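Look for subunit A in each of the two complexes below; its partner is subunit B in the first and subunit C in the second.
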Partner chain A sequence: MTIETRTSIVWDYAPAPESADHIRVKDRYGLFLDGEFREPAEGRYVPTINPATEQPVAEVAWAGPGDIATAIERARDAQPGWAALPGLERAKYLFRIARLIQERSRELAVAETIDGGKPLRESRDVDIPLAAAHFFHYAGWADKLRYGVGAREVTPLGVVGQIVPWNFPLLMAAWKLAPALACGNTAILKPAETTPLTALLLAEICQEAELPPGVVTILPGDGSTGAALVRAPGIDKIAFTGSTAVGRDIQAALAGQQVGLTLELGGKSANIVFEDAALDQAVEGIVNGIFFNQGHVCCAGSRLLIQESVRDEVVGKLWARMRRLRIGDPLDKNTDVGAINSAEQLERIELLVAAGEEEGAVRRTIECELPERGYWFAPTLFTEVSPAHRIAVEEIFGPVVSVLTFRTQAEAIEKANNSRYGLAAGIWTDKGSKAFEVASALQAGVVWQNTYNHFDPTAAFGGYKESGFGREGGPAGLRPYLRVVR
Partner chain B sequence: MSSRLAVRKTYKLWIGGAFVRSESGRYDHATASEDGPTVNIPRASRKDVRDAVAAAREAAAPWAARTSYNRGQILYRAAEALESSADRFAQSVGRAEVDAAVDVLLHYAGWTDKLQPVLGGINPVAAPFLSFSLPEPTGVVGIVSPDAPPLLGLVADLAPALAAGNVAVAILSEAQPLAGLDLAEVLGVSDVPAGVVNLLSGRRGELATALGAHRDLNAIVDAAGDAELSAELDRLASETIKRVRHGAAVTSYDSAVGDSLERMEAVTELKTAWHPVGA
Partner chain C sequence: MIRRLAHVDRVGVEERAAELGKRSIKTTAKQQGIRLAVSMLDLTTLEGADTPGKVRHLCAKGVCPAPTIPEIPSVAAICVYPSLVATARAALRGTGVRTASVAAGFPAGQVSLEAKLCDTEDAVEAGAEEIDMVISRDAFLAGDDTLVMAEIVAVKERAGDAHLKVILETAELGSYDHVRHASMLAMEAGADFIKTSTGKSASGATPGVCLVMLEAIRDYADRTGRIVGFKAAGGVSTSKAALHRLVLVKETLGDEWLTPERLRIGASSVLNDLLMQYSKTETGRYGRLEDFSKE
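Take a look at the complex of A and B:
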């Protein structure tokens, strides 16, 4: 059977929407401060929008400088008591949170999808289960901290400020809060401007878990709120996940101050396909690597490096597979690619895609019906890409993959490492010794062989070079939240 | 006249394994001890910093690719060589400092094949994968040494960088650069490959900022104890998201190795690899 005959079958699916009637979204959410939802001092409420419909989901309070100052005061008041709890007692709260996330997982998945636009299949199968698992994992560390840091005596840092992005809103909140709390810190979390909803549901969960007031504070807002949090006096550490540009601003803003910092920033990760790879399997991995979460993934395999001898075959199979992707209603359980998170992000994707065309790369975008309202971008493949093209250098953060080629293993490594970023990489080969050799030569914090976009609370995640510093996950994820005592 | 005329040493920078004058042709004066002769030392330039970083980058991958055992033996060799020159170094920095510097090198010689099991391991992931996280060197490390102690202060930051598999460009004590320049001769006979260590004497303010601004540097380790310079290095580091560690100048062997793991962590990346198990 040729590729054409095999893929010419067009499967039709009946819509399979997840019902949203069981979730309890309030009309309006205050700041979560001192253990309760409060009116912001500045009294500013901003609607959060469903990017698939452009309809408001809820009104959310945005924190101003006065709220940040109050939050730091409360977090500082709460910190000694939280740190003084026996580790196992802190653990019990975190275990409770993990369990409550599991209990409310269906509601959280739907909320994540309507607030951020990601397919329900992903929020249900990836975001929410991993968020629960993260709390469960770090709960268990709370009374074993010294074993996680090379048998050193450690103490918490104090009050930590945490700023998370919009691509995995609840999961990134879990990545930040779980280790911080396990280590005895109190935390002030700023969710992203476009996706505050699940963080606020997590605030409800903190209440249900009877977490002491001040241990977790949730202050929604935009970039200016984050910038104010970074610069506010009384913060002992900042943990940021987001763009390299903002990470750079934060690092510069903290110059000369005794404030801890970890940064998980952008990427332009290489996904390398060798001629000896199982190509059908590789194509599935390429699709997962770049179209998972609409490509709104810092470690997305956005630079596809294919060995020349199999370039045509892989591109042919990939294009055939892409045309079978289902784009549309994120609440539909059959949807592969959901809505772009915001109008602003859509504009950035369109700008870079236009630059790709202007610079001479060949664009292919799948033809599909897109909903009339909402923000959408159909999966796109660029070939004839040169390493200097903007689409080969800059992070697009959308469902757009750029194909480059190589002849030898050495050339693959050289091209993969030729980036200011160093977050992740993929290797597709059936030869184990080659996979290990290439993996060790890549300047990337995570290297996946014959798979892509796998995450686990026990496995460290974080970047080399301008993709940031510090790690999240596993024992390495404790270190940024602890001070070594001597 | 029976007394023999001494053969004086011309002090030079150490860049890429070569003993060189500053490309700028500039020099400063230095004295080994209060009653010692005044000598000329090279006053390195920004161009020398760039040359040193380029030499270090060239040396980085081969040094990282050496076995831990081999790097350990080379650091041990450096300790041996410094011990055998201890009398000479003792004349300028005192015996206690030389002894401490030798012991620090020895301490880190033993670290090279321990860092991986201490910081890394197999991740018990909830899926059929062999997932492991291992420390790797961050790459080219810039070291800004304190004025004092001139030898121990340098070795305390150089040894952990090398033990973790990094290469280094170090700016020596501005006040007492001779011990650092002499150390080049010790390392030069210790099988330290060319470019793995690069040593520059000169004006700290000028050189440290040139180093901090270099886009091909991965990390800065600053022990100069100058708050203004620290803040400036932080700002420069943010341009390319460099890793930065600020530390106080060490005073003894204990203070140089009591936080040895933190010193290595500061110049270490953790790489997580996932390999499928089964089909």
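Take a look at the complex of A and C:
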């Protein structure tokens, strides 16, 4: 028998689902108010759905105006005591929360995946470790706040209302809560309508860490709950991450009041590939930029700008790479792209993709088997896109990338900045001088060089233009939660 | 020829290679993967102390790695020094396992071209069906791509019908840019396989090096239509490492490359770990080293 005549061995990965047996999801979650889980005043419970199966995961209380008023009262009562603690003592609570997130990381990862549809690979390797890292980072700042703002005297703002989106539920909660608490504020957090579960597990962690009652309040609900929180008297600052439309509404509602505001909104970020880039790694960065978390990323690299001389090569490599993406059960450890977060979001993606086809862009969607139930959209690439097309202008918030081309560096910068948004950008070149030159000309809050969608608690994140204002992460992330006294 | 290096980003390569190391290979996938890895092994002994007796033992092991587990296939080849090729060839006759030999001044390559060609001819005449040669790292590092290629062309010609695997000895090349460039030179010069290492230097088939070479093979095939094989050698000593290399190939080049005609793993110690892991999937418990013959 020679090698050529041996029967070939077929090899594919067997299903490798992470077990969900070890997680303790209760049937019902109340509001987390005054340090305990409570019935909502109006008694409203709404199921939260697993978008990969359309099955309910748990019933969650939605807060009404009465609950919000009580929450603000309790947070206000707790705030002076919390702020009066020595920074080192507040830090101990934050360290404890960070460690408890690490201890319960497996459970939190599974919960994040079944509630939101993102692949376990990501919740396990990105969301949960980064959430813990944010608490660790800001725990370290709690006793050295004044050095984060240029050695000035600072005081906390008071009670802050925080509204987070559904794309990174626990991570966004950590981005918001960790600096607010480190600075001596008390916080009322409203998780997103479709993904409240991990915020409620974080509430359990706050209990386990023996955080004083009233320091953290968690009030699930929908947009109306958020709107009521924004308008409720007694809030000193609102921090919002979500869509530009809602951000605008919040800013209008708060106009003329002494309420602090930071907004982290949408984006249509440019990922710029120059001809002298390491192309294979650029392709990885493109994939990570747009298919990470099904493209439900505010800084997703959804506008791919490729230098014309390497356009065919990059598109060829990208398409080949896309066809190897594994779509399906988010709990499978080998899944690369999971479920779309909600029926509503799926509808929006389908609408914009249809618009792209109508406007004459060329669509390529990978062929793959999609589960029968749940919300799914296969990774999609648009070529022959013009800067005027809707798919080149509007945020799709899904696994859809639009390819545009440029000829010169100046044109790349001009095209990248030709957007009402300005959240993030990627630059792919092996030439350091070019990277710095382009980065300083881009109107984007975050510019990644030869990488994309990398997050770190030490680095500031935030937008330009209609992508919002205010920074989260690092020492810059302290400033929105402090008042400089002198 | 003017040297134009393609750019490779170290951080990006290593991230991607590490990410593919996280694929979960369990149950049937693990069993099939182990069988596949065994079928691709170039079971190797390259010691000064190698004797005909030792080589015959190794050949027997390669033909039938685990008599108690019949579904484990034979390895792809046995790899020895030229002086032991005749012994190996005789021991492997009719088994389907091929005889491979290192040649051309292995492992340093610091001998004259004439000596390299004689070495190659000796091995082929003794019956080697596959030749593993090293490139001249001295010439490569000095920027003399023409010499590097000319040597490969000459050895390839002298090797005749024997399959030529060109060893880049990546640990001595200094950067991923160089690894990619050397891969392209070797393929342009006619290599049937490109191979990471001799196994005699500090590091070998690291995931990053494997990925860069696989990407070079893919791009070369896209451009020319010629299929070049890949051999990972040096440092692949556990089942986990072997399966990681298979994942790298599967997700970079595709399933067509998962055959011993296109993919080899050069190793001496990994075989028994593969057998132990396989029997663990069958019995549910880890065996002992003594359960399997050393060679």
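Just so we're on the same page, the second predicted complex is superposed on the first by the 474 of 486 C-alpha atoms of A that agree within 3 Å, B and C clash if a C-alpha of one lies under 4 Å from a C-alpha of the other, contacts with A are read in each partner's own complex, and residues count from 1 in each chain.
Here is the rule we go by: contacts are C-beta pairs under 8 Å (C-beta built on N, C-alpha and C of every residue); 3 or more make two chains touch, one makes a residue touch a chain.
Keep in mind it's a predicted model, so treat the numbers as computed, not measured.
Undergrad: Looking at the overlay, what does A:D430 touch: subunit B (first), subunit C (second), both, or neither?
TA: After superposing on A, A:D430 lies in contact with subunit C but is clear of subunit B.
Undergrad: Who does A:Q55 touch here: subunit B (first), subunit C (second), both, or neither?
TA: Touch status of A:Q55: no partner.
Undergrad: Looking at A:A277, would you say it contacts subunit B, subunit C, both, or neither? Reply first, second, both or neither.
TA: In the superposition, A:A277 contacts subunit C only.
Undergrad: Identify which of subunit B and subunit C touches the larger number of residues of subunit A.
TA: B
Undergrad: Quick check on the superposed pair: does A:T408 touch subunit B, subunit C, both, or neither? Answer first, second, both or neither.
TA: Touch status of A:T408: no partner.
Undergrad: Just checking: does A:R479 make contact with subunit B only, subunit C only, both, or neither of them? Give me first, second, both or neither.
TA: first
Undergrad: Check the residue A:F461 against both partner chains and state whether it touches subunit B (first), subunit C (second), both, or neither.
TA: So A:F461 only meets subunit B here.
Undergrad: So, does A:G150 touch the first partner subunit B, the second partner subunit C, both, or neither?
TA: A:G150 sits against subunit B, while subunit C stays out of touch.
Undergrad: Could you say whether A:Y13 touches subunit B, subunit C, both of them, or neither, answering first, second, both or neither?
TA: After superposing on A, A:Y13 lies in contact with subunit C but is clear of subunit B.
Undergrad: If I apply the document's touch criterion, which positions on subunit A are contacted by subunit B in one structure and by subunit C in the other?
TA: Residues 450-451, which sit in both footprints.
Undergrad: Taking the complex as given, what residues does subunit A use to touch subunit C?
TA: Contact set of subunit A toward subunit C: 1-6, 8-14, 16, 121, 125, 276-282, 284-285, 316, 324, 332-334, 430, 450-451.
Undergrad: What does subunit B use to touch subunit A in their complex?
TA: Touching subunit A from subunit B are residues 118-119, 121, 123-127, 129, 131, 133, 138, 218, 227-228, 230-232, 234-235, 237-241, 243, 258-259, 261-262, 265, 269-276.
Undergrad: Could you please specify the touching residues of subunit A with respect to subunit B in the complex?
TA: Where subunit A meets subunit B, its residues are 133, 150, 152, 244, 247-249, 251-252, 254-256, 263, 265, 420, 432, 435-436, 439-440, 444-451, 454, 456, 458-462, 464-469, 471, 473-476, 479, 484, 486.
Undergrad: Provide the residue numbers of subunit C that touch subunit A in the complex, in ascending order.
TA: Result: residues 6-9, 11-13, 15-16, 22-30, 32-33, 35-36, 39, 73-74, 76, 95-96, 98, 215, 222, 246, 250-251, 254-255, 258-261 of subunit C touch subunit A.
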